[in-house]
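In the two assemblies presented below, chain A is common to both, partnered first by chain B and then by chain C.
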Partner chain A sequence: MTPVRRLLTYLNPPSRSAYFFVAPSILLLLAFNLTPLIASFGLSLSSASMTLDRISFVGLEQFVRILSDARFLNSLKVTAILTLLEVPLQAFGAMVIGAMVANNSFWNKTLRAVYFLPIICSATVIGIMWRMILHSNVGFVTYALSLMGLGKINFLNSAQTTIFVVSFLSLWRSFGVSAIIYVTAVQQVNPSLYEAAQLDGAGRIRQFLNVTAPSIRPTFWFILMTRFAGSLQIFDIIYVTTGGGPNFTTESTVAYVYARAFASGGDMGYASAMSMVLFAFIMLVTVLLYRRMIRED
Partner chain B sequence: MDRQKKQPLWAAIPAQALLIVLAALVLLPLLWLVLSAFKPEKEIVSWPPTFWFRTFTLEHFATVDKRIDITRYLLNSVIFACGTTSLAVVVNSLAGYAYARMQFKGKNFLFLLTLATMMIPFQVIMVPSFLVVYKMGLYNTYLGLILPRVAVAASIFMMRAAFSGIPKELEDAARIDGLHEFGIFTRIMLPQVKSTLICMVVLSINGSWNDLLWPMLVATDTKMRTLANGLALFVGQHTIQYGAAFAGALISILPMLLLYLFGQRYFVEGMVGSGLKA
Partner chain C sequence: MILSIHSTLRKAITWALVAALLLSCCGGAFASAGAEEPITIKFWNSFTGADGDQLVELVDRFNQSNAYGITVEMDISSSFSDQLTSALAAGTGPALVLMSNAMRYQFDGYLQDVSDVFAKTGLDQADFIQSYLDYCKDGEAMYLVPFQIVGFYLFWNKDLFTAAGLDPEKAPATWAEYETFAAKLTDASKNVYGSGLCYNYAYQLAHVIQRFGGLAVTQQDGKWQANLAGNAGYAKFLTSFKKMLDEGTNPLEADTDPMMTAGQIAMTVSGPWITGGLDTAGINYGIALLPQDDAGVMNSVEVLGFGVPTVATDAEKQAAYRFIQWWNTEDAQGSSPALEWALKNGFPAYTYSVQAKESYQSSEKLRITSSADPKAPTNFFVDSRFPDTGSMLMDVLAPMVQSIVFDNTDVNAALEAAQKTADGIVAGFNQ
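This part shows the complex of A and B:
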């Protein structure tokens, strides 16, 4: 077959229109996802100003610089702490709660609808709301503490508490989604397994440990994977509550990237090198947990 | 189910108490935010704090637009959410359909390429994403805000799964009737996946409405800000004007609350569907 004729057979009507069907999505993904990813690698090897008026190749110099940047290393530490505070609670806590509200009674459906509600809040709303609730002079939590005879806690300005506040708010926002994903998994567990367990005299807790938990293991690894990846990218909750402070104690890596590239710097090469290091961590965790999840399935 | 009935009441109480405390942890802050938007500034910062308003006032809603350009932000949020969503519905369902039901050279490669973009975290590529939009001359334009958010691999995946479930006979019958490919898609296939489409619409509207980071990067001009980044900048600069901030927050939350009340099922299905099948 000549190349021209081969091309024509590819373009018989249904398959020709297939290209029109996929073209918009492919072009958009190329332009706004894949190009930036490739550009990221390139930028991390350069020194570049905010709008690329000045750009020069510097090799691995940015990576050398970030590794001796205490603020960057601190941001990795903050990100790791926030992740370790939030993700286990999310993966285990939401599993327990999801199992508790899995039956389709009216009451359970109501509870599920409530738990899911934070999804309609932007980080901005969460920030406005909780900054006032935790206000050290007139906040509700401060008031509750004073009723218990405890003193004021400067939740959003003290280095001891801010990191817990940030991880709590992050949990507050996405806990319901994780719980509802678990609910769907629990509802798919074979009911005869529960009947068998009941015949053996297993109570609710035994049933959860021996039937529910083992049956929904793939969901557990899935939640762990997505929440890990999400938590390593934590930014907006920080931006609207502490702004990374006090004294960088809540500045995550993405928050530092933002500061360096957009807020005060325009140091695009340096910011990209930091992004690449974070990307490596995210990929590592995702791949490890993904392989684990596939094995469970 | 009978395993619920077997449980004695005394055992259920601590468990139910925990569930209720968690529900209160979600509901009370939101309720308090709503109520506080109707309190005078003085009451908002009074000690002890009030939950229910002592004095009811609408002053913050009457004056909020003098302090925050709220009408403009609201308009921008509507344009961002509706623009992104309407384009996303077209682009992602077309692609999902082709991957589910059409045969063409390079299909597997293009589909894998699409799936691979799911692995790219946005925060990691935010610097070059800004640069791409800037270099295209789309900085501080609606197109710059909308276009990068249209194609979503998870949505394409979800649409592909929905289209795969439709029986082949339906398509064959339409083809015999002489419908062309696009006609089969719009008239026969799309109506079959209505509920998946609604899931996508609901999640896309909610996602763009609440998106903070992307507008912060490419819609920085006061005339281009959405509610999310406009309000965030306002409270960053004027922490003292709580009434205006609460009124703004309530205005920004209300449309999504309505969407949630009417389409809760689709929120849940969409969240679970786009996640679990991935």
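This part shows the complex of A and C:
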């Protein structure tokens, strides 16, 4: 038997060949996720310039620095607000919409495509488009609202309201993905459950509450988990619409990490330390939600 | 016989010496075109806009026409900085880059000294405006060869001036006059604002505020020093800006260029890139140098230049020099890529010879943007040798202005807070 033949025979049982099939994914994860993560942790214990040519070990100094950095604490607050505004609306709103457009009629398919459209647009395009639409002086929405007697609303330059606009844009952009996932989940619900509910006299709302929602609970927890993780990392929409302003009221943690690492100073050690704190928090939330999702499943 | 050999030898030596002399007199240390090996060099930059298309066209022309077998492979990327950072950290990267002088400090130690570019290409150093060259220097070393001069200028809408009863041909000469004009030009009923300064546009505000209070960081006895707390000029500008916002003569906006294009702003401070939109919209506008104030005469511009990263080999550096030489050399018709670039994009030229061209002088835009005193110091917000302009703009100036605008922080308290942040930044470079 040739060595190749011997190797193939050895790998033939499913318990062994499985490793062979997952190897590419594991290698990619190692190269693009785990390695940067370990490198980032290493950097967080150092003082490092942008091009990493001047690195010195500083222990936990960067983490101590974080505690007294008002801008970092503000960025955590902004991230928390944005997440709490977006995620529940997304998880519940997309569920309702997903259930409404689950049937494969022409109009439902069209609507699904419309919901999905923002996903295929780049964040830059979306940012520029909305900046123009919501411009307080030359924007279409502002103009339309002023015609309705609502006055000139400064959507993107208000320390009080701009965060809601950013939250809306983030929601608008990723809503389609959640809705499509819900559609798939709703389509998997056993039709006999709806028939039984109809025989019991349940209307559409009752069917949704008593049949659809309980049947797609794992999907709900999956959406919640992925959206939490996504929302806690919000960056691109902020970068292209408000740049974190006005007065840092929309500067998320990732936006601040970017600013420290690349926009000014090039303080990679400190930026990495902030990233590690955010990573730990996202990890905690994800693990909790994942365990819940597994239980529901 | 012996005499004949000696005579032949003497002739040969004489000719060899003459040839060597001729070669060295050709103004460059480069060998003749035929002696250079064909080479491909990478050229990275971030010119993603319409100007990028022109750059592609010019690079293609160089590739097709140069006699040295040089191929320039250009990569234009909006994430140029991140890309270059990763590449240089990994010990790879391009042989030629385009970056601003402020940005070059991010890559401190990764750019080669290019001060020998004149000796090696025959380009006339005296033709380059000295203050721009000084801006790219650190002591005797020069890290960028000027490519584009990015300044901010005063743009005004002549029709709105006429409507407000002001002379449409006369821009405000002082900032006090600017404020007075702004009040006269504002017409709330037509949604027209006199002034179009943006509260978060640090680059725009920096150009203006330094006219009032000078540079934010200077060097004293070999130590960097931040000059914010107690800076009367800065306080004067901040008070004036807040007043214009409160009185509604300047909108609370992060982006006023679309308003200028829509005819809703009478005066703004911007760069040549705004002219494309103004021309397309048919706005009747004027351009002037920014008015000076208490800080005296200055020419605050940012110089973008060609840089050669340390990863480039000698042969690649030589090829990069050839490209720079070609960029600045006139053809038989008296044109050069540098001239074409200025005419097309509206950025002022950095050489006297290009500025003197008839086609250049016939452009009012270029004539005005080039009219700054060439001897005036070229510093943008901080002393040009200070390595971290970016932090001073984004972490000091922008938060300071926004705290006054949104939190109603007292101007002097905001300057004190900014001083504290700036001291932290400056201290890092004094160690």
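In this section, the second predicted complex is superposed on the first by the 265 of 297 C-alpha atoms of A that agree within 3 Å, B and C clash if a C-alpha of one lies under 4 Å from a C-alpha of the other, contacts with A are read in each partner's own complex, and residues count from 1 in each chain.
Methods note: a contact is a pair of C-beta atoms (placed from the backbone, for glycine too) under 8 Å apart; a residue touches a chain by one contact, two chains touch by 3 or more.
The structure displayed is predicted, hence computed values, not measured ones.
Partners chain B and chain C, brought together by superposition on chain A, clash.
When the two complexes are overlaid on their common chain A, residue A:259 makes contact with chain C while staying clear of chain B.
When the two complexes are overlaid on their common chain A, residue A:83 makes contact with neither chain B nor chain C.
In the superposed model, A:157 lies in contact with chain C only, and not with chain B. Ranked by how many residues of chain A each touches, chain B and chain C are led by B. When the two structures are aligned on the shared chain, A:101 is found in touch with chain B, with no touch to chain C.
Once the two complexes are overlaid on the shared chain, A:51 sits against chain B and chain C alike.
By the touch criterion stated above, A:170 is placed in contact with neither chain B nor chain C. With both structures placed on the common chain, the touch criterion links A:136 to chain C but leaves chain B unconnected.
Using the contact criterion defined above for the overlaid structures, shared-chain residue A:247 touches chain C, although it does not reach chain B. Stretch 220-228 of chain B is the one among 22-30, 148-156, 220-228 or 256-264 that clashes with chain C after the shared chain A is superposed.
Once the two complexes are overlaid on chain A, the chain A residues touched by chain B in the first and by chain C in the second are 51-52, 131-132, 137-138, 243, 262. Listing the residues of chain A that touch chain C in their complex gives 50-53, 131-132, 135-138, 154, 156-157, 159, 242-243, 245-249, 259, 262-266. Partner chain A is touched in their complex by these residues of chain C: 81-82, 85, 88-89, 106-107, 109-110, 191, 199-200, 251-255, 258-259, 262, 264, 388, 390-391, 393-395, 398-399, 402-403, 405-407, 425. Across the interface of their complex, chain B is touched by residues 10, 13-15, 17-22, 24-26, 28-29, 31-37, 39-40, 43, 51-52, 97, 100-101, 103, 105, 111-125, 127-133, 137-140, 143, 172, 176-177, 180-181, 184-185, 191, 194, 198, 204, 207, 219, 222, 226, 229, 232-233, 235-236, 239-240, 243, 254, 257-258, 261-262, 268, 271-272, 275-276, 278-279, 282-283, 286 of chain A. Across the complex, chain A is touched by residues 1, 3-4, 6-7, 11, 15, 18-19, 22-23, 25-27, 29-30, 32-33, 36, 44-49, 51, 90-92, 94-95, 97-99, 102-105, 107, 110, 113-114, 117, 119-132, 134-135, 147-148, 150-151, 153, 156, 180-182, 185, 206, 209-213, 216-217, 227-229, 231-232, 235-236, 242, 245-246, 248-249, 252-253, 256-257, 259-260, 264, 267-268, 271-272, 275-276 of chain B.
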